[in-house]
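Encoded as structure tokens, the structure appears first; notes follow it.
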Amino acid sequence: MLDTATPASRTAGITYARYCAVRARTLALAAPLSAEDCALQSMPDASPVKWHLAHTTWFFETFVVAPRDRFYEPFDPAFKVLFNSYYNGIGEQHPRAERGLISRPTLDDVLAYRAHVDASMSARCTEADNDSTLAALIELGLNHEEQHQELIVTDVTHLFSRNPAHPASFAGRDAPRTATPVRWIECPAGIANVGHAGDAFAFDNEGPRHRVWLEHFELASRPVTNGEYAAFIADGGYRRPELWLSLGWDAVCARQWSAPLYWQFADERWRAFGPYGLQDIDPHAPVAHLSFFEADAYARWAGARLPTEFEWEVVAGRSTSDDLQSTSRRNGQTDSLLAPRTPIGVRGDIAAGEVWEWTSSSYAPYPGFRTAGGAIGEYNGKFMCNQYVLRGASIATAPGHSRITYRNFFPPDARWQWSGVRLARDIR
Amino acid sequence: MLDTATPASRTAGITYARYCAVRARTLALAAPLSAEDCALQSMPDASPVKWHLAHTTWFFETFVVAPRDRFYEPFDPAFKVLFNSYYNGIGEQHPRAERGLISRPTLDDVLAYRAHVDASMSARCTEADNDSTLAALIELGLNHEEQHQELIVTDVTHLFSRNPAHPASFAGRDAPRTATPVRWIECPAGIANVGHAGDAFAFDNEGPRHRVWLEHFELASRPVTNGEYAAFIADGGYRRPELWLSLGWDAVCARQWSAPLYWQFADERWRAFGPYGLQDIDPHAPVAHLSFFEADAYARWAGARLPTEFEWEVVAGRSTSDDLQSTSRRNGQTDSLLAPRTPIGVRGDIAAGEVWEWTSSSYAPYPGFRTAGGAIGEYNGKFMCNQYVLRGASIATAPGHSRITYRNFFPPDARWQWSGVRLARDIR
Amino acid sequence: MLDTATPASRTAGITYARYCAVRARTLALAAPLSAEDCALQSMPDASPVKWHLAHTTWFFETFVVAPRDRFYEPFDPAFKVLFNSYYNGIGEQHPRAERGLISRPTLDDVLAYRAHVDASMSARCTEADNDSTLAALIELGLNHEEQHQELIVTDVTHLFSRNPAHPASFAGRDAPRTATPVRWIECPAGIANVGHAGDAFAFDNEGPRHRVWLEHFELASRPVTNGEYAAFIADGGYRRPELWLSLGWDAVCARQWSAPLYWQFADERWRAFGPYGLQDIDPHAPVAHLSFFEADAYARWAGARLPTEFEWEVVAGRSTSDDLQSTSRRNGQTDSLLAPRTPIGVRGDIAAGEVWEWTSSSYAPYPGFRTAGGAIGEYNGKFMCNQYVLRGASIATAPGHSRITYRNFFPPDARWQWSGVRLARDIR
Amino acid sequence: MLDTATPASRTAGITYARYCAVRARTLALAAPLSAEDCALQSMPDASPVKWHLAHTTWFFETFVVAPRDRFYEPFDPAFKVLFNSYYNGIGEQHPRAERGLISRPTLDDVLAYRAHVDASMSARCTEADNDSTLAALIELGLNHEEQHQELIVTDVTHLFSRNPAHPASFAGRDAPRTATPVRWIECPAGIANVGHAGDAFAFDNEGPRHRVWLEHFELASRPVTNGEYAAFIADGGYRRPELWLSLGWDAVCARQWSAPLYWQFADERWRAFGPYGLQDIDPHAPVAHLSFFEADAYARWAGARLPTEFEWEVVAGRSTSDDLQSTSRRNGQTDSLLAPRTPIGVRGDIAAGEVWEWTSSSYAPYPGFRTAGGAIGEYNGKFMCNQYVLRGASIATAPGHSRITYRNFFPPDARWQWSGVRLARDIR
């Protein structure tokens, strides 16, 4: 789950302006939604928007304000439990599957809660100029909030997908695309350095930087498109067990999967539900809402395989820019794996990007990885089991949030993120 | 499920004023609730308030307005499926367990839907003066709406019980009570006539009126109180399998029941959650929120048994009034089973009464029972399996709604209604 | 569950010869089965044959031998728990769903256990000549064992039905049948006496004898046949929700029912699995392996209804003989509901009869019903919830076991017994 | 699941004597078991012994005899489906969870099936002298059978653990042990070659041999003992969420784990169930029957971590012998990770060894891994998801079966294998 992070960086100096900008973007994402939209939970994996608004605030309250503001009065003592996601070190948690049973506090109450905590954060940001630990904590909180910004988009999309009226959650429309032909980017065998380095912020799971041995391989220059994936479906991809991992085939049969999540076939064509409602699929756009199982089966069908997360990182690292979103916004051609991307805005400029890309790498600690002490150490490490790493960023990712070394991760059957697939091949 | 009814009566002449009064009471019940409160669903058996507001309107639209108003334009064609509860004769239904995933239509949309249908109903009520079939349908729709008024109270109470803050859903407070000592009302063996007779409205399941043979028995003059039930708990009632039906004991073990739903023991005393929040139990008030299994086990512990629905009806029928609520409001003493009741208002005068009383009678058709043709026939008959009859009325029942012959019914493990127990004994 | 009984009778004098005969019949039923056949459990509702062999012995050991034979040494103290079915008054029970995980004791061990207990029973039967309580207990144990004889047949049949090779469990073959046309046997309204009377053995749930009021009705002279039921299927019976109880329709959809249990359609014809393997259905034989839901839906489709258990009993009681099996064996014509039956033997003369017939009566206590004290009182009473009464007997019922007043009972979705349907109609 | 293998080796020349020896060992393992013991299935993950006896035979029949013996008559055509484990390329499979519902074929039938196939295998072994492909297939079949030999022991042990009498499945007794103090074996950073090389048989998942980069680390000279693990329990290991992976803590709570599978605390001491029945734990013996989650939590508690599979392989490879069992039998001291092991026989000399050791490595394909074409390619590759690699061998492993490069694998919650834990530590 993309829920957490730990202060691996030694960033000093967070301006309150930056704090306010991140916080404001969260509100902007929720702005077109009603209180009812914000209260509902469509499945245990997804949370109500109201809960995201409160939990991100709870994070600052719990880890920054409460320990450092001796005049601080909790907005509501019950929130300690109610908006604790999974930090056993903090104490009890309201059951995850029951986040959608909470009509009170109301959305207005939660917005007041945000303002209440923000009021103390102004002074905390100033203190952070001379306190690098505090600065790192605040930076962590902001990155944490950006992660929940993405989840707001994915969770509302899932909620609305369960509504037979298929309402749009955001105004807008996907721009038409023209997919470039795939180029294969070659990488010779050798030792590579991977993982985060430097003083800029990164989550703890991105380090320590370390060496890995890579064999000779090549990577596709762009993700698989809707059109390419439709050919897999048309070729019986969902009916041929030999293409699937055993657990994947079990999922296909038990859940009767026959296309990516949100795809519907009617009137001789595929349409897909998304933030803008139900629309025809664009054959040139990257396919999204695939499980790891589907990504893996597609790759096998295509005579290729998924890349490892390190293969991805090494090729992506050849880019001249570390900012995935910026690269895509420039829409320029580079020699990296990052295909030129049409800026697809979710509500104007809020988000741009493509799809997260499943890798074959099980989510595991890097050599020498240590979790931080205390509850903050529960961010990433404890989830390193039965999940797979995704690299890149998606249209729902906050601008500037992702990095070449960024490790997103989900269980192999998860489909409600913008998750797609890029191919790799051995060279012998 | 207390969801439906069929036009067994030949009532003629429904004033629009009465229509408006019933409709207004529904809105009054929802008035203190926010849009968020109205959107949530706490379990598959309970529905969101918004759904109740819409479904009762759908009923008039589907069975009265659409077939009889040739100028009527549906408010939204999708509502035909979305707010169909279980009428296969009408067509598909939105899945019951997913009623809480619908943020759109919003509460405001649903209120506009109510007004839209009400606008046509004015003329329909006038037409009903000369059309007894139409009058019966409208009367049915109003009684149907009153049933959902009770469900609004029980369902919101259940929803709020899952909120760790235990919010009150209605302003108010239970008045203190003084339970009278139990008198035993005797009834000799013989043939009794039971079931609804006459022209006044009744649900189809209350007839045909017919004969039954009853043995010599006696019935308690009032339901069991909280204080009496607490003695059962204190005597190990929930730990003694010999007191329970086999399925009841399974439920006790699997769900770890140790008290009625909503009861909590802390600080050396029992408290119970209800519409006014979490309050000390009143030992003199009737115990509520029992399953059939608990009612049955209590009776066995007390050396008694549950009455049959006909035993209840025969003794209750000795009352000078057929209106359970009025009787209780007069607070007078009668020779019937109806104990004097303190008017316990849910929001002022909106409701008064006691608890529904489990009987030992499986919910089954009376001899000669026939369902109506068409979808309207799906009201009651198809639910006559694995449910047990409750008689009486509760604090959540709409005033004037219940009758001596009224048959409420729920599965034996249901506890979220105001369901209690009255004792009966054989006399030999 | 047809598991128990209580000593309602005052039978005196059980000959050891009768004891041995009943016990021997149980062994005879198991004789064609291997140790492997006897060890397996195909579902929680069905038990391994080995368990039946042991549990019936446990019954005599627990209720007869251990309390009355001061020299008795338990065969194995662990059996007290292992073969206790559901008697909380005796103590813990091995979990029902795990009866099929017990390879040791072996079948040979269990046969030795039977002999060990039988050795003491010889003297107990002699004592019973002067001890009517003991005689009643032994008689109860024998009737209990006969009930398990039927379950041995139904449970093995179910087990073998799950084997893709469809092996026969017994040698033999159904004799071809010729169904007589249905006659309707009329019964006027009035008070009827129902329930067991007299000194002969009956289970406690068959009494007390009492009065009931019956309306004017008529009952079919024979159960519905396979051919008649096939017409219901062909008419879309399993695809028309209006024919079904709501819970029944849920079962049809969730379990994808489209025919009685054990029926298979292939090569343009229906075949059914049974004790003799997979065979063509005989259109003249009574349809079996119906749930209550299917029986009820068929009756509705046929413009009729299920009889109540008392309607059945009153008409059946007009027979000159109280022995259902004997009547059928004589194959004679009577004015009762009992159709002439071809003796269909399960292994020669072991069993003869037709099908148990679902009634519309929920399984409930008769007025004045009292359970016996102690563990023996757990026989029948605690199961009186959410089950429906079946009357008659089946091809798997032990000869002489059933009675006109006999009440068999199963949950409404049970299908692995020989359960069929007889029609009734109101006369107005 | 340890079910399969693929012919990665080019072994030529299988003597029929070797074939017979492996097949005979399978029968020897089943010899002390009754037909009832062999028929039961205690959980979907475990299979009946009878099924193992048949499936291993099915493997030779399907992949060796049927394609190469033109005179071969199938023993029973139904076995093609009945004993197919998971080979979609062969066709349908009998449902895994229903392997315990098959009383027929009987155990004797299955033994006859074994002899029937063996009769043809004599000539096939001779042909294999001149046909390396055939030789590789037979070798694969023998290794496959050895894997099922281990599963016979683990599955029977699990079955008997569910029997409240706790019967021993094998005669014998664990010899007392003296654990040596742990030594830490250091390994410098560098490139290592891992995976199988050479012509000897190995499963396909052990190759291709390839390079990996390892950081500086050290590995414990022996696995964790029962005594050491008991200290973890005593220190509250099962009550401290901070020690656990998130999924592991979920498992602890949901399944109420408080000790390894088969451990019971009574009379102030720990006992554990095993092939010899219920016995006191030996504090010096390696702890077994741990899930990956427990192994991981123990390591965290101990201030260490699990090794990767490559760390394990590199240190183990320093041993002078490649045969894990032989090393242990010599009981000698080496500089490898292999601790001296007391030969613990399961039924005499049938098996010796310790425990499989969980590694932190997710089960994934090695670079360049390709599955074989056809059904045989379903052996290993399709299971490479959500499982973790175990290295070593156990007391239940067939002699000579395991290798330094051997990769066993199970889901992280599996506990019924002899699975333990060895510690590793980073050195910086």
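Per-chain numbering from 1; labels A, B, C and D assigned in written order.
Keep this in mind: contacts are C-beta pairs under 8 Å (C-beta built on N, C-alpha and C of every residue); 3 or more make two chains touch, one makes a residue touch a chain.
A quick note: this is a predicted structure, and the numbers were derived from the prediction, not measured.
A.B. asks: Compute the centre of every chain as the mean of its C-alpha atoms, then state which one is farthest from the centre of subunit B.
C.D. replies: So the chain farthest away from subunit B turns out to be D.
A.B. asks: Compute the distance, rounded to whole Å, between the mean C-alpha positions of subunit A and subunit B.
C.D. replies: Roughly 47 Å, centre to centre.
A.B. asks: Round to the nearest whole Å and give the separation of the Cα centres of subunit A and subunit C.
C.D. replies: 60
A.B. asks: Centre to centre, by mean C-alpha position, how many angstrom separate subunit A and subunit D?
C.D. replies: 38
A.B. asks: On the basis of the stated criterion, which chains touch which? Give every pair.
C.D. replies: By the stated definition, chains touch in these pairs: A-B, A-D, B-C, C-D.
A.B. asks: Please name which positions on subunit A make contact with subunit D in the complex.
C.D. replies: 86, 88-89, 191, 210-213, 215, 241-242, 244-249, 292-293, 296, 360-362, 364-365, 367-368, 377-378, 382-386, 412, 426, 428
A.B. asks: Under the definition above, what is the set of subunit B residues touching subunit A in their complex?
C.D. replies: 34-40, 42, 50, 78, 81-82, 94, 98, 100-107, 159-160, 162-165, 167
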